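In what follows, structures are represented as C-alpha cells.
In the two complexes that follow, chain A is the common piece, with chain B as its partner first and chain C second.
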Partner chain A sequence: MRITQGCFSFLPDLTDEQIAAQVQYCLDKGWAVNIEFTDDPHPRNTYWEMWGLPMFDLRDAAGIMKELADCRRVYGDRYIRISGFDSSHGWESVRLSFIVTRPQEEPGFRLDRQESVGRNVRYSTHSYAATRPEGERYADR
Partner chain B sequence: MNMQQSITVRGKDRYKSGVMEYKRMGYWEPNYEPKDTDVIALFRVTPQDGVDATEACAAVAGESSTATWTVVWTDRLTAAEKYRAKCYRVDPVPNSPGSYFAYIAYDLDLFEPGSIANLTASIIGNVFGFKPLKALRLEDMRLPVAYVKTFQGPATGIVVERERLDKFGRPLLGATVKPKLGLSGRNYGRVVYEALKGGLDFTKDDENINSQPFMHWRERFLYCMEAVNRAQAATGEIKGTYLNVTAATMEDMYERAEFAHEIGSNIVMIDLVIGYTAIQSMAKWARKNNMILHLHRAGHSTYTRQRSHGVSFRVIAKWMRLAGVDHIHAGTVVGKLEGDPNTTRGYYDICREDFNPMQLEHGVFFDQHWASLNRLMPVASGGIHAGQMHQLLDLLGEDVVLQFGGGTIGHPRGIQAGATANRVALEAMILARNEGRDYVHEGPEILAKAALSCTPLREALDVWKDVTFNYESTDAPDFIPTPSMAV
Partner chain C sequence: MTKPQELPREAPVEAIDLRHEFADLGIGAVLDQLDSELIGLKPVKTRIREIASLLLVERIRQKMALATTFPTLHMSFTGNPGTGKTTVALRMAGILHRLGFVRRGHVISVTRDDLVGQYIGHTAPKTKEILKKAMGGVLFIDEAYYLYRPENERDYGQEAIEILLQVMEQQREDLVVILAGYGDRMEKFFQSNPGFRSRIAHHIDFPDYSDAELLWISELMLQQQNYRFSPEARDAFIRYISVRKTQPLFSNARSIRNALDRIRLRQANRIVAKLDRILTADDVMSIEAGDVLASRVFASDMAAAGEGQ
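Moving on, here comes the complex of A and B:
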C-alpha cells in the first residue's frame, strides 16, 4: 500500500529538483522549513521526530536539500516529510506538508474492530510496522 | 460631504399625537457620524411610485428600530434618540432608477449580545413587508468589534480543522453521496468507502438526507463510520464524512449529534433551514465536543438570489461566521449554481480573512474587522469536475473544500477512479502553482501531463471536457471598477 498523507502522495515520487522547488516556494513565503522522520506512520501520529530545529533562518533551498540528504543518509529507510511553517498571526501553523522519502515496502494498517452493543463498533487502526520496536521497523525489509 | 440638513422635529412638538413623517421623527440624520460601536446596515430600497426616497429610507430605519406608524408619548420614558436607528446617507443605485442605497446606523445597545435571532428580528423583521416599499434588500452590514466579540465564532476554524485532519497546503476534497435519496444504509456506506479510499478527504450527506423510510439515521451513521475507518486504514490518512443531524427538533438533533460523536465521527452537518438559534446551539455543542460543523445553505436562494429584494448572501455569510459554523457553501463560480466571480470573491473573503477592506467591485461595502474570530472554510459544490481544477484554484484559493459529487461518482470506471482523478488533478495543480508556473493558462496542459501516469484522470478529462454552465448572473456587483484618470 502507499500512505497518502501529505500534499503530493498521489503523484509519482518527487525528484530532488521538484522537492527543491517546493522548498523554495515555502522560503519565498517566509515560512520556516522543517524536516521530520518516523517509522510509525499511523494517521494520528502527529509528532514525527525532528531533524534538528525548524530552519527559521535558512533562506536558500540548497541548504535545506543538504539537510535532507544528511537526514536520508541516517533515516532513509523511514518516512521523511518536509513542512513549511507560517508563524504569522492568525495562522501560526503548518502551511504545506509533503512526504519526500518512504520505506521501500509499506506494509500498511490493520483495522481492528471491537463489537459492542447496538451494532456499535470501536475501531482501532493498527500499523503492521509498529509491531516491531522503534528503529527496527523497516530496516531489513 | 452631505449637503443636506437634519429636519428632525425637536422638543415637545416631536411628541404631539398624530402621524409624522419618519424623516422628521429623527430617523433621517444626514449629519450623523456613525460611532465605531454602531452596527451599520446597508439596504437597497425601492420605494413605491410617488414615495419620497429619503422618507422611504428613514422609514426603513424607523421600522427596523424603535418606530411605529404614529407618534407615541411613551418614547419620552426612554433615551429615545439613542435607540432610534439613523439613516445617514442615501445614494441612488448606479444604473437602477428608482432604487437607493440607504446607510443606517444602529446603536449597539439595541442588540442582545451573541444572538443572531435578536439581530435579525430587528434588521430583517417587519420592515421587509412595509407597504410603502416595492422591494427591500439587505446588502451588507458592518459589525463592530465590540459586537463581534460577543459571539463564539466557528467552533473549530480553518487552522484547527487542518491540524486535526493533518492536511495542509491544498484544498480539501469532498463529494456528496448520490443519488441523494433512496440508498439504503448499506449501499450508502459503499459510496462513502469507495470515494474516501480513492482519495477524497470527505464525503457528505445531502441536505435532505435525514431519516427517511429508505434509510433511518442510525443505519447511515453506523455504515458510514465503517466506511470511514476502513478507508483510513487503507490509506493511512484521516478521513471524514459529514453526518447530517438536521431533524425536526433540537432534542432529535442533539441525539443524532451525540451518537455521531460516540461512534467517532470528526464532523457533523446541519442545514440552514434549521434556523439561526438552532445553528448557534449546534455550534456551541460542536465546540464542546471537538466536532467540525458543516453548514449546507439549503433554502438561501429563496431570498439571496434576486438583487431587488431579500438578503444578500454576503450578509448570511457574516451571520454564519458569528453563529459559529466551520464550513459554509459559498459558490463555485464555474459550477451549476448561481455565482458571479466578483460577488463570490467577496463571500470567500468574508469567510476567510481577519479584515475585509471595503471593496465595492466585490460587493463589500464596509471595512470589517473580525477581531481574530476563527476563519470559516468555504465549500464549493455543484457541477464541478477535475478538468476545471486550474480555474477552481485560481478563483477560490487554497482554503476551500472542493466537492465533486457527480464529478466523482459519475466517473465511467467507478467511484474510486473518480476520486483518484480529482485528487491527482488537484495535487498536480498545487505542485505546478508552487513551482511558479502560470497554472491558470497552462492548466489543461498540466492536467494532460498528470493524466499520462493516471488513467482515471485521463478518462475524467475525456468525459467532462466540454461541460460548463455559462449563464448570466442574477447577482453581480453594482459597482464596476473604472480605470482612474491618469494625469
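Moving on, here comes the complex of A and C:
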C-alpha cells in the first residue's frame, strides 16, 4: 500500500530534478530545509529522525541534494522526506513536506477493532512493517 | 541566463552568428564595467576575458551538439597586500553569475576559523556546512595558507583541506572556490598541498600598482567620497606616493586608502580651526596641499635626507 503523506504523494515519485526544483522553491522563500527519515510510517508518527541539522542560510539546492544523496546511501531502504520550515513571524511552522524516498515494498496497515464497554468499538491502525524491530523493517525485502 | 547544461535541447545548428551571440550574453557590458571600475590589474582582466570567451565558445558548441565538459573555475589569487585580491574575488562572483557559470552569484567569505573545528569530529560538519552555504556561488577563502599548519601535526586544518578538495573535484558545476593570500606564503601552502595546486585552474598573480595607477585609484576613491585634490595637493600627493612606496609596510591601495582617511581628518581639522567664516561646498570638498604635506611620511623622509647629509 502506497503511503500518502505530505505533498505530491498522489503523484508518481518525483525525479531528482523535480525534488531539486521544489527544494529551490523553499530556499527562494527563505525556508530552512530539513531531511528526515523513518521506518515507522504510521500517520500519527509526526516526529521523524532528522538527518543532520536543519539547513539554514542556503542559497542553492545543490547542497541539500548532496545531503539527500548521503542520507539515501545510509537509509535508502526507509522513508525519507524533505520539509521546508518557515521561521517568519506568524508562521513558525513547516510549510511544505514531501516524501522523496520510500521502501521498495510497502506492506501497509491493518485496521484493528477492539470491542469496548457497551457497544463501543475502538479502532487502531497497525503497520505490518512495524511488527519487526526498528532498523530491520524494510532492510531485507 | 542559464548555465550551459541547462539549455533546452534543440536541433544542432551548423552556423552561428558570433556577434549576435556575443551581444546576447552581455559579455561586452561585463568586461567594460570591469575595465572602468578596476584600475590596472592587467593579468586579472586578461583572465576574465579568457573565461568569458570560453563561455561563449562553450555555448556555441552546445548549440552545435558537440560534447562539452564543465570547465574548472577554481582560482587562486596571490599578490602583495592591498593589490585588490579581495575586491576582485567579491566581484568575480557577480561576473561569473552574469556569464552563467554560477547559478546564484553570492559570495561566502570565510577564513580558517569558519572551516576548522576546535575538537575531533568538529571540523568535517563545520566545513560541510560552509560548503553547502556556498553552493551555487563562490566560496572565498581569504588567507588560505592558515588552513595548513605544518608545525602541528594534530592540526585539524588538514581535514578541512581534504573535504574541500573532494568537493572542488566532484561538484565543480555547483561551486567555485577562490583562494587568496600573499604570494610567498601561498607558494609554501601549495608546495605542501600539491592536490590543491592541480585542482585550481587559474593561478592569478596580482601585480603591484605603479605610481600612476595609485594616483588614479586615490582620485577615484576621493571622487566616490565627494572630495577632490586642489592642483597643488595633487602634486603633493604624487610626491607622497613615491616617498611612501620606499618606506616599510607599504600595502598598495590599502595604504592609499588609509592616507586619504588621515588627509580627510587633517582637512576637517583645518576647516574647523577657523570658525568665523562662511563655508562653501567647494571648501569642504577640496583638499589642499597643506593637508597632504603635514603627513608623517614626509617628516621621516626629511629626517632620512638630513641623516644622509
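Convention: the second predicted complex is superposed on the first by the 139 of 141 C-alpha atoms of A that agree within 3 Å, B and C clash if a C-alpha of one lies under 4 Å from a C-alpha of the other, contacts with A are read in each partner's own complex, and residues count from 1 in each chain.
Note that a residue touches a chain if its C-beta (ideal position, glycine included) is under 8 Å from a C-beta of that chain, and two chains touch if they have at least 3 such contacts.
None of the values given here were measured: they were computed from a predicted structure.
Applying the stated clash criterion after superposition on chain A shows that chain B and chain C can sit side by side.
In the superposition on chain A, contact is made by A:21 with chain B only, not with chain C.
When both complexes are overlaid on chain A, the residue A:125 reaches chain B alone and has no touch with chain C.
In the superposed model, A:67 lies in contact with chain C only, and not with chain B. Contacts of A:8 after superposition: chain B is touched, whereas chain C is not reached.
Between chain B and chain C, B contacts the larger number of chain A residues. In the superposition on chain A, A:57 makes contact with chain C only, while chain B stays out of contact range. Measuring only between alpha carbons, the smallest separation of chain B from chain C in this overlay is 15 Å. Interface residues of chain B, counted against chain A in their complex, comprise 159, 162-163, 166, 168-170, 199, 222, 225-226, 229-230, 232-238, 262-264, 354, 372, 375, 420, 423-424, 427-428, 430-431, 434-436, 450, 453-454. On the side of chain C, the complex with chain A involves touching residues 103-104, 106, 125, 131-133, 135-137, 171, 174-175.
Partner chain C is touched in their complex by these residues of chain A: 52, 55, 57-64, 66-67. Those residues of chain A whose C-beta lies close enough to touch chain B in the complex are 1, 3-5, 7-12, 14, 18, 21-22, 25, 41-44, 46, 83-84, 89-98, 108-111, 119-123, 125.
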